[in-house]
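Handing you a structure now.
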Amino acid sequence: MAGLKVGRIQGRMQPLSDEKWFEYPVHVHAHHTDYAGVVWHGTYVAWLEEARVECLRSVGVEYADWVAGGCELPVVELSIRYHRFLQMGKSAVVRTRMRKMTGIRLHWEYQVQSLDGQETYITAQVTLVAVDRQSGKVLRRLPAEIKDTLAKLPAS
Amino acid sequence: MAGLKVGRIQGRMQPLSDEKWFEYPVHVHAHHTDYAGVVWHGTYVAWLEEARVECLRSVGVEYADWVAGGCELPVVELSIRYHRFLQMGKSAVVRTRMRKMTGIRLHWEYQVQSLDGQETYITAQVTLVAVDRQSGKVLRRLPAEIKDTLAKLPAS
Amino acid sequence: MAGLKVGRIQGRMQPLSDEKWFEYPVHVHAHHTDYAGVVWHGTYVAWLEEARVECLRSVGVEYADWVAGGCELPVVELSIRYHRFLQMGKSAVVRTRMRKMTGIRLHWEYQVQSLDGQETYITAQVTLVAVDRQSGKVLRRLPAEIKDTLAKLPAS
Amino acid sequence: MAGLKVGRIQGRMQPLSDEKWFEYPVHVHAHHTDYAGVVWHGTYVAWLEEARVECLRSVGVEYADWVAGGCELPVVELSIRYHRFLQMGKSAVVRTRMRKMTGIRLHWEYQVQSLDGQETYITAQVTLVAVDRQSGKVLRRLPAEIKDTLAKLPAS
């Protein structure tokens, strides 16, 4: 099956040459696909999470430690645009960066692309909020340690 | 862990009493949850798919038959807002309806709520397009049979 | 794709007419399948869990309540034989029963079959142990409440 | 939660120092876990598949190419023993090797261990058969190309 072409959606992508993204490689295995032989659309949500956590690990932070310390970062908004199908056996790269912090909301953006950057499979945005693990309530402000760590991420 | 409260997001929900939704019940099992004991945010994507396909089955159509007939309906846009956590062992209902058709694009909307309708866990929108299975290309128009079936769905 | 026929494996199935099983229906959606258009082999593990928990619910117990009460039942052994492929769009039934208790080990068995019982897709065994949630250690004996509940399950 | 200790099961592991295994690293993300904060027992099935396919890639073969060429290798038997819990945020290694070929049946074995090899989380066996993609029937013999490739794998 050839790629899915949805008119002008791909044309909205900006050139990225001078921007800094964290890159997380993936390979499409059978369990990622559905009957169509391409990545099932929900599989990407797991990849976005993995890329985000690995991005934090690249600056020395283990998300599980934040959780153990009482602060969780659940997803409160997720949006994905699917541009092309990605087939079993292919490799791809999940590119991510934190676009901005607004209070306790962290805005991340994503592109899943071919290794040569010529094809974009999906683009996505994810918003997280800082939540107190004990009470389940949104924190008033980001813990200083977390804020400092996020400041070390590749600038967008 | 108590529910996640994100300011005014929940206030945007409209009263639904005079609207027709297809309702698909779910129960939260261990494999739906993550370390926080609540439904992992990507799990909902599977439930949205199940509710959509079961909605079609409620009017006599098996999606797999459309696929066998050469027409697929892949997701091209997905957006989810997470309002409250949904815990292991709880039951909930996925409410869905097709909001509109614009050419070959089908716009579905969703609410995952408690059985009594008092709590909303997520709201979501999904857009599908009709694609030719052989070529992978977007169809110019919806096959008549599919269009007729969709017209039978609960009106929004 | 036709069913997978693996020699005499199917012939080992016993007639089941006089036995009591709990039956949990499933329907194959896209996210359950892989590139081959049939249920991905790992998907069954989720269905086995769902059937087991729903079997407990059928006698009035919510597994999440046992967990909240401090007792978990993690899987310590799992074995599955795959007899036939199960295709997207098909319905099937997960048949399960607790075969025996040996101390704190619970032995469950499963068959996933077509609705008419004519085709067997997989057969499986799962062994659980009772674990103290706080310490993570295996309990010396089953809590009385849990033992009593399990005694109410369909006898094998 | 501490590790799950199930009596003498771990004692059955043999020393592995003089054997050749393919090693595939994994890191535990939120979507791999369940309410207990540890890897959900079904998640391992995906990791076993990934390790097997990456093992083939390490000798130059892409499984998707075999599928495109008409030969699939579905799983016909799977068994897993769970020895210890593996927690979110931890890294581990999936060690695998093809133990033997008997006709068209390929027998693989696995260990998921801590990076230092001191802890074993699970051990597993998976049996695959070669199936003709078109007919869905088991092949009489392995295609020569596939047999030659498998002969290049780390010897057990």
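Lettered A, B, C and D in written order, each chain numbered from 1.
As a working rule, a residue touches a chain if its C-beta (ideal position, glycine included) is under 8 Å from a C-beta of that chain, and two chains touch if they have at least 3 such contacts.
What you see is a predicted model, and the numbers here were worked out from it, not measured in a lab.
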| item | value |
| --- | --- |
| Pair exhibiting more inter-chain C-beta contacts, B-D or A-B | A-B |
| Rotation angle superposing subunit C onto its copy subunit D by C-alpha atoms, nearest 5 degrees | 180 |
| Distance from subunit B to subunit A - Cα centre to Cα centre, in angstrom | 22 |
| Rounded Å distance between subunit A and subunit D, as computed from the means of their C-alpha atoms | 28 |
| Between subunit B and subunit D, centroid-to-centroid distance (C-alpha), Å | 34 |
| Residue numbers of subunit D (touch at least two other chains) | 30-31, 35-36, 42, 45-46, 49, 67, 88 |
| Touch-based graph of the chains, sorted into line, ring, star, complete or other | complete |
| Subunit B - residues contacting subunit A, complex | 1-7, 9, 35-36, 41-42, 45-46, 49, 67, 72, 74-82, 85, 129, 131, 133-138 |
| Contact footprint of subunit C on subunit B as seen in their complex | 27-31, 45-46, 49-50, 53-54, 57, 62-65, 67, 87-90 |
| Subunit A to subunit C touching residues, read off their complex | 30-31, 33-37, 40, 42, 88 |
